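In the two assemblies presented below, chain A is common to both, partnered first by chain B and then by chain C.
Right after this comes the complex of A and B.
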């Protein structure tokens, strides 16, 4: 007996079946710089000389069937489905259009009898080995093999023999299943793994009709990008565990949106059935993700579907337990506490941390609530793990395309792109391998850029500014070839230097990064910067005003033009998260709002975060799931999550794209903007914050010139490329503080707290398929440091700093530089943040075998 | 005098019951039940193979084709140690809403495993909308292959398992091609084994209008 509710309203799709399967794959946009004339099926076309015939035809409306060709990968000519008759002056001959560059006066016939016969034959051969279990195949209904067989194939099969049989799906990895019977050997998945992802973990094995795609023995296809192979497989050979048998493709209705699991901002489709999101697919945004997604993003919907989602507001009752209440009660209590705080100790006793998980509209509503209704400037979208807002917005910007533009030189000072900004890693990989981009990386351990860097310079935490001075100011000693090579590369780039900055290490203060920036700005005045901060909409939230001292549009509060919407601004400048938490710990904050932020799990100084939350009488958490900080709060307001709200988001380039509502929030959960708006009227009945996300957006766009393009066309960020905004580029960078490094001490190691893609984050823990992917915490040491300590594999070591100690297994790893110990953030077993104190420049620890 | 014409019918009928010229149409239903025509479409059943496994693989083709949009199916992975149906997938949720069903039988045609067929049972009336939505547990046949009688169904006309259940399509073939008449191309069924083909489909079609002989195979 099924326990699903008794309802029957399966959705209908009435998308017409065309010859061109709706795979979302289309030729890369190009500019015609070298036009040539070709003739396709009697029609004269002007196309770019040298582009592939298959693309030239599709761009002009003639779809040539194909299986192996993918516009974002190199052609291989594996499947022969794309054969057409090409006459280049020596008479027509059948040629694979995915391998033939167009040349002048080519004459092409895509529909001749010979072509039709070939297509028929190719399909009949493919089907000879294909199990035809379409009814149980996840691809059935959107399968290029099905569609093309209907369009070009033989009506009946002559194959009556027994087909080959393999064990039904085998697991290639935690998320991908392989059904070898269905594979048509198109080489897409293997090419993707090798060429695009750089994880060549799946290969063809065996020969002839026994050929199959498989992994090496005992080596799973554990790639952060494995889900892409499921999307590009032209049959149902590769299927994703989170979607397996959940619905048939025709059940799904689709809306385009933008992934908000990190700040790359990949375009996706959100696909749902019966009010439940079941799948995301990559959409080809030429300026961002080229149709690829990382697995954390792709399978991220699981967290929002999880039964742990908050469905209603909670308030701590007399026994001190969080108990569900009605919205009017929770909002009334929250507004009361805020009003009382304002009356008793002034608006600065209210603070808001978070907003980077919100839409721009949500962040704007909260900024407006805090700064105009409450009147506090204690707002920060970052959690002490970012950079000052002025730096995020004020450095001259760089888009991903500009970063990856052919022939350029990139100086990488940012976090590990593979772990924090996965799809940016793919773009960089393509740029290095295909477009001659050279990367110089300065950091304290080998990152995902491992094989891609032209030169890597080791710098212990805190030492980067010194290394940069050496590179740019003093001629590097000729003996040190690494430094000399890097200096030469950077000199060659001259003013056209592209720099990526971020916070590669939570145990290193932002001041070090600011000093590096200042060294670079004085040595290379033309250098352009990208601030690579991981949190999805951190830039949008700052632009919306969730940063101390800023009004929307990246205008400093003192310069903010008084408008109807922003008639008053706070008199005193507030502080960022670190300052807010310190004030809270000292008892100076009465109400602390956590807007989708979890300082207990994320703030670098964990003990400060705990003390602050404990000392604040009213902590209000606005969150979709009960995270560690929400569990300590007095009031928890259930908020709608991704896929449940309409709005816009801003990625790390400043690109504003739309996010869309596809399903209803669970229970009575509400969007962030609506919670802000309800609180506003309860605090001051005369205030109306905004009636809808769209109205808030319109108001926000009208506040700053940076949004001019959006203000003109309010519907504009709907496309995959969005609208680039340059909010805040006129901001002054904060003064560079003097960075003092502790005296060198030959016993101590310098701590690096880096992030991993899969950690113990609340969202990941609520996702079935990703929860098991997080490793346990390990201290990674250079073998040269590990040996004297006597560290074997998994020896437990005790790390002690001035602030505390942790004990965890250690491992020697030569990707870590000497004198450094790396512990990843938010993994089970040990929390290295207990070693860190906010305000310290770096964190030196002593390691001893426990 | 045209308006009196209608009365002639009444008079003729009235006279008819007393003579043998008119036929009385009224029957004492439900005590008396008219035999159901051969191709009668009643409520559905979900069939099983004769080893008791369910035939439905949860493919949703029936739901996809249903013009009234009244079928809701969800598939799930079979437990390899205790499978519900042969293969990887089984119908985990299966519901038909009889407030919407128009008994067109398109679902039956679409089904690749002959899991869903229509019986000739049609006498059911509900007082609760939920009763009109037959769940999988209600649709699937009993251990002896018979449909389950639900409290609101009237089976007073008797129930002939052979005639009142399963596929009308047995006349031709699962592919609907009359040329395969007489060829058994369907699976066994719990309680009935392999059912015989029904003959006599192409006999009325003039020879020149009959479909061409298929090449070979047919799969």
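Right after this comes the complex of A and C.
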């Protein structure tokens, strides 16, 4: 008996294989490079040597129940639910499969009597102090504790003693609530906060049966990523304010989509009940978000459900008030104005700004409307806060995976990833901590990369190209100055340098960035670039043709292969947003379409944006909410928002993924593409722009070889990894501008306008749980600059530039470089853009105590 | 009560320097704060977090795991009466009851004059001397009610100042090691040999030459 090893037993055909529950947490994909044979429940498997047993089993169809193990975090072996019998040659013993790396000839039994007994015991133990309040618990119905108790647990409780009692729930932050009675101490939330987010603001407090997860008193769990803890909590201990008591999980229907709050493009599920979106959950896309979301994205649906949503088109009436009208009237008026403008002053008197918040299909329809039907090239998806379209498409060549590939060197010249591209920050954090990636950052202030950079080099606005020249051309070969260290790191990387560029400062012109790019391209010819621009579909909109001089597919208009769909293109090259707004301010634009764009809030030169809108006879805003610019428009066309339209979006890598319609738009709001299509027939009855999003997509994908895969398999963007396309690589980069950097005078500070995740944006303001999270505007100064001015905390200072002044509270902050003042964009109390003039290289300001 | 005072900040910095990672100084610094105030306050924990570059939640998480860090003000003397099995059999529970009456507080409470905090504790490993009592973790053996009362009045009268320092006091003499006697302060991943091993090896080598 004893000499018959267990592995030779016939497979237990009667033991049911447990189906993996639908938690969205599957083992991360791996490549088997070092195969070993193991035996699981009588079945011989080939698995990767050293991978965790729990993953190896699941990958091969045997799901082992678990609570604490999460495939995207380090295992801790806290809950013991994953115990299985493992025999590595010394006889079977119960081992936690989440802590055991597989090795050759291991024999595993996941269904033995001993395993069943221990699972029963673990569950009884976990439930001893559990309140069993499933009927009033948000997690009930999708709760791993509930499900596993049904599957493996005791039918009855033997525990008759009094249980632990706590106040329920307490709030850990503005958004996350904690019911300590339900917590099974799996360490998932706390591990996430520490390991993944780098915000260890929640922790196990106390000991033994009084252990609880909590914050330090009066220090809330204010992490940009707090919502992830709610998703991964295996019980109903953590709940999020926007979803609490809104629906039972079984009332929700689910579709996969892509978050479009920034250009990272995290995969999500959109979950709704009774035609209302109630929740997003992160989906594990191995190339993008690894199942994580930021809170701005996760709770973004609140804005679209808000009562402020536009339900029907508005037109300014005789009294000058925006009043609701029928679609036919609004579209008729808009088409009339466009037609009249074309007739009287030519097509170039019509301009389109925006599109970066549309789907590819919406952007394409508008590009086609503008460039072939109207005949104007005055189109720009960016708002003067981006980079030339040729650079966005022509430079990009890095995926997130390539950026974060183990052992690489990253030169970061982009915006603060924590504030603008939050989940990219998480990927970089993992890359630095776990995969030996080294980051060299050049910029004017410390960013979210603070603790992650191998070396940070301070450069005031405008100085980055000079610093790069020093780094690559003149920096001393050795020595322990920051510059020498950085230069050594970069030299070591050689041609395998990964560069991230963007617009870290709205008060610094794009020319400075272009100059940096040109320095890099001549110093490191092999360097690969990622353009990190914030707006979700800015790349897709440019590829669709919403950029001056470009046709769809990333080709310049002059080279556009004439297809049936694009038989006519504008004769003269148009301008970007800055040029359009200048022309408008000078009275040369008759119709200005704002396609989901709000220049008054977003264009770096606010006064120009205001003057332009005021001087344009017909401003048409296509928007889901009445933003500051829409409020000035003559015609407002209510557009369907995220979750209400089908289509695709393109992230900062050039990855095309699907966005899906889950609910109906409010009122009569309609998709951008259909608004374009309706306008097109009203302008020229002979034109048929596209009957559906799918038809538009099909047409767009046929225009460039870069989209071959999409053209062949139009359903391919629906997968979590989407399709990586690289249209526009052949575009010639814009010529390197001659940047004239004014000499700083010793009394001035150089202005940085940076962005925060939570600001006064229209969508955030319409979101109940996020609206309160935006700070008030403050001027941040280096302590050495603050002291001589006599700035104490909250002293009000007046900043004056050649263009205007603002007064706001100031604070000394040593994360700001000397000679620099940082003011964040779009926060209550002060708008630093009134200091800025479009076209200036940098903006120097004087500061004085007000 | 308060953040660490200037002397203790200087001391804290010396303590932190003994470890390859500042965070390793978490527990020693909690002791230091408790020595300063007699207990570990929120302000002190927040200050420690600043000094070792972690979050206050992490300090609280660690500190609250240990019984001997008091997160609420306690008396000058913490009187722990053992009520575990050996002591219970020999009158530990009666002794606790008597202590509650004598001091006028329930177990867990602190006398109004701030002199005594009374606690009932599990086995303090003095079973052979049951019933056992600790005052600021100094042992008092085989106490009956009378001996207990005498102990309390001696403490009140300040007669035991020498042998029972106020709560939080770690030691009367703080040992400071010379630099070359300190264990090598290197991160675990780049371990090198401590100086004294190198010294010993060098001595052995030169000794070997002599023979």
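Here, the second predicted complex is superposed on the first by the 825 of 850 C-alpha atoms of A that agree within 3 Å, B and C clash if a C-alpha of one lies under 4 Å from a C-alpha of the other, contacts with A are read in each partner's own complex, and residues count from 1 in each chain.
Basically, a contact is a pair of C-beta atoms (placed from the backbone, for glycine too) under 8 Å apart; a residue touches a chain by one contact, two chains touch by 3 or more.
The structure presented is a predicted model; accordingly, all values stated were derived computationally and were not measured.
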item	value
Chain B versus chain C as contact partner of A:136, first or second or both or neither	first
Which superposed partner A:250 touches (first chain B, second chain C, both, neither)	first
First, second, both or neither for A:636, with chain B first and chain C second	neither
Touched partner set for A:204, first chain B, second chain C, both or neither	second
Chain A residues touched - chain C or chain B, whichever exceeds	B
First (chain B), second (chain C), both or neither touched by A:158	first
Which of chain B and chain C A:169 touches, first, second, both or neither	first
Partner chain(s) touched by A:217 [first = chain B, second = chain C, both, neither]	second
Common ground on chain A, meaning residues reached by chain C in one complex and by chain B in the other	none
Residues on chain C engaged by chain A in the complex (per definition of touch)	42, 45-46, 54-61, 64-66
Footprint of chain A on chain B - complex, ascending	57-61, 63-64, 69-77, 87-89, 92-97, 100, 112-113, 130, 133, 135-137, 214-219
Chain A - residues contacting chain C, complex	199-207, 214-217, 219
Touch list for chain A against partner chain B, complex	1-2, 4, 6-10, 12, 133, 135-136, 140-141, 156-158, 160, 168-169, 244-248, 250-251
